[in-house]
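Next come two complexes built around chain A: one with chain B, the other with chain C.
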Partner chain A sequence: MAVPAQSSGAVAVTERVKPRAPFPWVKLVPYLFILPAFTLFVVMRYIPAIQAIYYSFTEWNGIRAATFIGLENYSRLFQDSLFLDALKNMAGYTVMRTLIVVVMAFFAAELVYSIRSTFMQTFWKIAFIIPLVVPGSVVLLVWAFVFNTQSGILNSLLVAVGLGDLQQPWLGQSSTALWAILLVGFPFISSFAFLIYTSSLQSLPSEVLDAARVDGCNTLRRILYIDLPLMRGPIALTVILLVLEGIQVLTPQVVLTGGGPGTSTESPANFLYRTAFQYGKFGYATSVGVVMLLIGFVFSYFSIRMRYKGAADVDV
Partner chain B sequence: MSKVKQLTILAVLCSLVIAIVGVASAQDTELSGTITLYPQEYYRPDQDPEGAAAVEAVIQEYTAMNPGVTVELVPSVPTGTDYTAWLTTRLAAGNAPNIAWQQFYDRNRQADEVWVPLTDFFEMPNPYIPEGTPGHDRWADSFPDFVLAQTRAGDGNWYQVSLDWVETGLYINDGVMEANGLDSTWDGWNDFLNDCDTLKEAGIQPVGVFMTPEWSTYQWLDDIFTSVAFGQMAPDWYLPQYSSEFLPWRQLVTEEMAKAVHDGSFNVNMPQFDFYLQITKEFADRCIIEGFAGIANYDEMQRLFIEGNVAMAWLGSWTSGFLTEEIKFPFSVTYLPEFTAEENPYLKYGTYRVGGPSSTGQYGITQATVDAGLLEEAVDLLMYWSSPASFQRVYDSKPDLIPMVAGTTATDAAMGFQFVAGMPERAFTDPIGRLTPEFGTEHNRLFQQFMLGEITADQLKAEYQPILDQAVVDLCAQENYDWCNS
Partner chain C sequence: MSMFRTIRRHSIPQHLILGFFALLTLYPFFFMLMTSFKDNEQFFTQFWAPTLPLHFENYITVWPSVSRFIGNSLLYSVPTLLLTASLSLLTGYAFARYKFYGREVLFMLMLALLMLPGILTLIPLFIQMRDWKWLDTPQGIIIPWTAFELVFATFIMRVFFEKLPKEVFEAARLDGAGELRLLWSIAVPLALPGLGTIAILNVLFTWNDLIWPLVTLFDTKNYPVAPGVLGFRGQYRTDYGRLFAAYTLASIPLMVMFIVTIRKFIQGLSGGLSI
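For the complex of A and B:
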């Protein structure tokens, strides 16, 4: 084996080899790799969204050329009592559902986190996450059976426990229909939120938890003063995602109620869908979509700002 | 003869020969191109291979006769798919089938913006119909007058052929009725309501009808109640362009309904409207099942009857075969009873037939076919497809439907609904097809609330007149009827 000449000397002076300057185009390689995905993203997401904004200022039936009509769709939209009812329903549904789901998923994650047996912890994690793979429409069809006035499980259960007087046509009257749709998430442990909270709890800094334990901090105080402040990020993320989901809620209306009785379960997304595909008013429908986009955008912006304001878990 | 003369004669002869050959070939142009056909439920290769094979055989025969034409069959979209959304996106993208299914009221609303008017073609002979059979000399004669009347668009054109039909009937759980000392013969409407009371007192849900803001079987109820209340007036609203001496009683078309609203002949302040609301509410309170506004679809309603949860259910002829197989108790099919003259001060007919073209065999030609230069081919294929010899074979795979092509024979299952077919046609079509689709949805919402007792008759009337008026404004903007500015 050839020995380098320098190694025989008293002091080995290694000549610093100047790295070869890469070809200028090498810097572009990562961008080239990302280009196909980015192109698809732009074509499939951004362009339709921008087009939708344009079409919201037009009268368009989806087939013939669109006619520019300025703000007419928006002015009509905010005078449309059905749309305003839909917004009201959406607000109530979204606030209630987000609150319940965040609390319940957090509660479930804390319970699972506190289980000492690894086997049982894994079992409960799997149990809570499996529903993630069940299609939403299937879940809704099952709930249609649950709520059925004549043969539904809910009314049968009420009779069985001696509360027959409380039997209701749950989806068949305005006073209970939206609540019934809200109940569809029962027991409200969203698999997705649970997954996020469990992994966040497991990644909390152990030194903080150990110190708290040494100081005699009980579970409730740990949750309130350590877990919650350190989990602002994951909680904000789930709140934003749940609110965006609430703004776009459509499947329960399509599968269970059609937006009725009356306007009691109507949602902006169902209003949009019907306006576009049943009435053929694509221009008007896109203005609904733009309003939904703006609501989601404004909410997300302020949520993210609040999440970072005075946060203990990040350096801002 | 000089050489010039000889050449001139030769040239003239050649020109003549070329002209004759040219004319002859023009007269017998060979059809060519690829036509896509969406036969809807008649072509479901995965679920119904036998029916699909019948369709394929018919098409193979056609392409054998017309070797220049290729027919691509588009299988029916899967259950649960919103067909309107499916078709709309294809129309927008320019790849919709050349011959496609569509509900007649949606098609008539889209009219010539999407569909080719078939009116002129209806006057042409259909060469695929044997001589002596209606339709051979004039294609339109292949279809009954009431079918043509009911499928005519607001602009006076026909945009579709309707090859089959559906009827509705009241399915009776005979065991439940008998156990409560009842049967399915009634002396009048009030007798029927009294039976509903008896059933309710025994804790039995009387009549299965469901109701959503969109299509539901409630629509049929509304068709009957409007016809009962306004039947006497309906012929006064007929417009001459839609009328025929052979059809003295028929369903109102959209323009006639819109004009009646425009002229104030149909409004919420009429005593007939109060009567209409009264009979609707009485039926809701006394007969209709609890939770009727919380049942999402026809299948769920049908299941309630099959499982014996309701004494009667208003269902369609198109599931009669399925019901016969599934129902495990004695049952019969009848119809809603007639109103007597004492019960209805505005009586025209006792009751009305709710049935119609909302079936599988509704086909029209898309405008994109004209742009592609395939109109002649598409019309020819549609003529072949609608001829009795072809359609009979296709129809036999779906025996619950009622064929409407002269020269075809109905199956036994369809014949079971023949008694309904003999009743007078309803004067009003479903609310969702009556004026505009928006009107239909709003109508259903208001009536849901009214029937549930969430709003009063006065509240309904206050909200109903503006939606009627708005529908007419929208229709006038769209159709530009000549009476709109009067």
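For the complex of A and C:
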């Protein structure tokens, strides 16, 4: 917590009202207002984060005192084939999913944007927003049924169109399980990214768009040379959010596959979760969390730098 | 039909493509709703289409267990919402309307928390809850959720208060209004639209969070909706109608909230979000 020791140096707006107060109690007011929130931040966010970093250097079962073992957890982690598989799955999942979601959401947003009637624009927006309010675990369970081997939607569809030979236990075999998880939510338009893109497109500066139309710019060229450069901010934001989500991917594993079959859908977060809560290796598990923090941090840093490098839409 | 009159000829391809995407997006949920009214015989003979009679008794059967999870979700989500709303209002107001030593540093320290993955603090926070004997209690869910959601909510409130005209506050101050009175009779009423956005984001998060309740609640009777529905797969393994009735019922509260706030939902994002 900051102490208002030097606050007399700051210009308080309130000074005019009580110019001759012996001690400016009123200057304490903002600190009192932020105190409850910052108490929560310190106790529930900062201290646990620091503890996590400390525990990652220890051997600890969560019950007895932790013993300091230096970097041993980390060197073990990068020789652990299960963790390496998890990293590989996570990387593939994150890259593919981010790419598909951004492309599909942007494509659909441009389609909605190109419709002139506001009524129909809102109609399509609502159609794609509705699934966003279905609880995430219900969405996963419904998709579990899409991929179900016995009378699942996908297999039934294959039979119905005469391709019964192609039926698969989609989530039950290592060759298809990661793909199945990746395809949950197909065609990926119903997403936060779609919401952001539609509303950002609508607020693009109309002078630029009018000028382009007068110059005879066609739709494709407008999208490539005007919309995309001007949408760098929203696109960067959604890419960062999607990647950070991908790095931490855990709920599909918990609900659908448990990381299996074999190691085919294992993710670092699921590895952390199991290492801690199934095997009680709390020190080892926290080192996974620290690795994930670093990956996310490095990624965010470079993507924010890239977003502003030669950007056309902001003054840097 | 005003809807069809508004479709202009030049935009027919767009409508066709969007319609196809919407069909793919919504069909699984339509399937859930449709199957929730079937018995097993209807399910196996009429897989793709709705059938009569509608078996409302599926809903009656699953109501006791689903309503329990919904009740639990309300028990955790409503206090989290009230805490997050009031604390973010207080904190965002202080950051926007006062100049004080260390203001920007503290604000950056708070925003830095957005970079902190929840999974990193999962284990230390779990141990802390255990040592405080907060496992399997409502406060063990509510307080960490609030700490988590408060960062972005405060950010929204600060931006919101900074957009309000300064003069309103100055005038009241010159009239001799005290700090608390300023907060209560000027800031709070003006903050209501901002609080609406916070409420939507907050409920979406708390209703969906799966891992924290799964880790800290041992008794499945205390589960909120997100982990609660997972148990139905085992309970109604061979009874698809009931299974999907349970899923549908679990989705209704958020759907109702969405319909009530839909205008706000879309307006809140107007102008887009960017970095």
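One rule holds for everything that comes next: the second predicted complex is superposed on the first by the 281 of 316 C-alpha atoms of A that agree within 3 Å, B and C clash if a C-alpha of one lies under 4 Å from a C-alpha of the other, contacts with A are read in each partner's own complex, and residues count from 1 in each chain.
Basically, contacts are C-beta pairs under 8 Å (C-beta built on N, C-alpha and C of every residue); 3 or more make two chains touch, one makes a residue touch a chain.
Computed from a predicted structure; not experimentally measured.
S.K.: Mind checking chain B and chain C on superposed chain A, clash or fit?
M.R.: Result for chain B and chain C: clash.
S.K.: Per the contact definition in the header, classify A:F277: touching chain B only (first), chain C only (second), both, or neither.
M.R.: Both partners, chain B and chain C.
S.K.: Check whether A:R222 is in contact with chain B, with chain C, with both or with neither, and answer first, second, both or neither.
M.R.: neither
S.K.: Between chain B (first) and chain C (second), which does A:R97 come into contact with in this model arrangement: first, second, both, or neither?
M.R.: Touch partners of A:R97: none, neither chain B nor chain C.
S.K.: On chain A, which partner touches more residues: chain B or chain C?
M.R.: More residues of chain A are touched by C.
S.K.: Please work out whether A:Q173 is in contact with chain B alone, chain C alone, both, or neither, and reply first, second, both or neither.
M.R.: After superposition on chain A, A:Q173 lies in contact with chain B alone.
S.K.: Counting only touches as set out at the top, which of chain B and chain C does A:G259 meet: first, second, both, neither?
M.R.: A:G259: touches chain B, not chain C.
S.K.: Which partner does A:F38 contact after superposing on A: first (chain B), second (chain C), both, neither?
M.R.: In the superposition, A:F38 contacts chain C only.
S.K.: If you stack the two complexes on chain A, which partner ends up touching A:Q150: first (chain B), second (chain C), both, or neither?
M.R.: The first partner, chain B, only.
S.K.: In the overlay, answer first, second, both or neither for which of chain B and chain C A:N61 touches.
M.R.: first
S.K.: Pick from 57-65, 75-83, 129-137 or 147-155: which stretch of chain C gets in the way of chain B?
M.R.: Residues of chain C that run into chain B: 129-137.
S.K.: Would you please give the residues of chain A that touch chain B in one complex and also touch chain C in the other complex?
M.R.: Of chain A, residues 62, 144, 151, 255, 276-277 contact chain B in one complex and chain C in the other.
S.K.: Which stretch or stretches of chain A touch chain B in the complex?
M.R.: Where chain A meets chain B, its residues are 61-64, 82, 144, 147-151, 169-174, 177, 255-263, 266, 274, 276-280.
S.K.: Please give the residue numbers of chain A that touch chain C in the complex, ascending.
M.R.: 2, 4-7, 9-14, 17, 26-27, 29-31, 33-34, 36-38, 40-41, 43-49, 51-52, 55, 62, 108, 111-112, 114-117, 119-120, 122-138, 141-146, 151, 153, 156, 160, 186-187, 189-190, 195-197, 199-203, 233-234, 236-237, 240, 244, 247-248, 250-251, 254-255, 269, 272-273, 276-277, 282, 285-286, 289-290, 292-293, 296-297, 300, 304, 307
S.K.: Quick check: in the complex, which residue numbers of chain B touch chain A?
M.R.: 82, 84-85, 88, 91-92, 109-110, 113-114, 205, 211-214, 289-296, 300, 304, 307, 309-310, 436-438, 441-442, 444-446, 448-449, 452, 454-455
S.K.: Please output the residues of chain C touching chain A within their complex, sorted ascending.
M.R.: Going by the criterion above, the answer is residues 2-3, 6-8, 11, 14-15, 17-18, 21-22, 24-26, 28-29, 31-32, 43-44, 47-48, 87-88, 90-91, 93-95, 97-103, 105-106, 109-110, 113, 115-128, 143-144, 146-148, 150-151, 154, 170, 173-174, 176, 179, 183, 204, 207-208, 210-211, 214-215, 225-227, 229-230, 232-233, 247, 250-251, 254-255, 257-258, 262, 265-266, 269-275.
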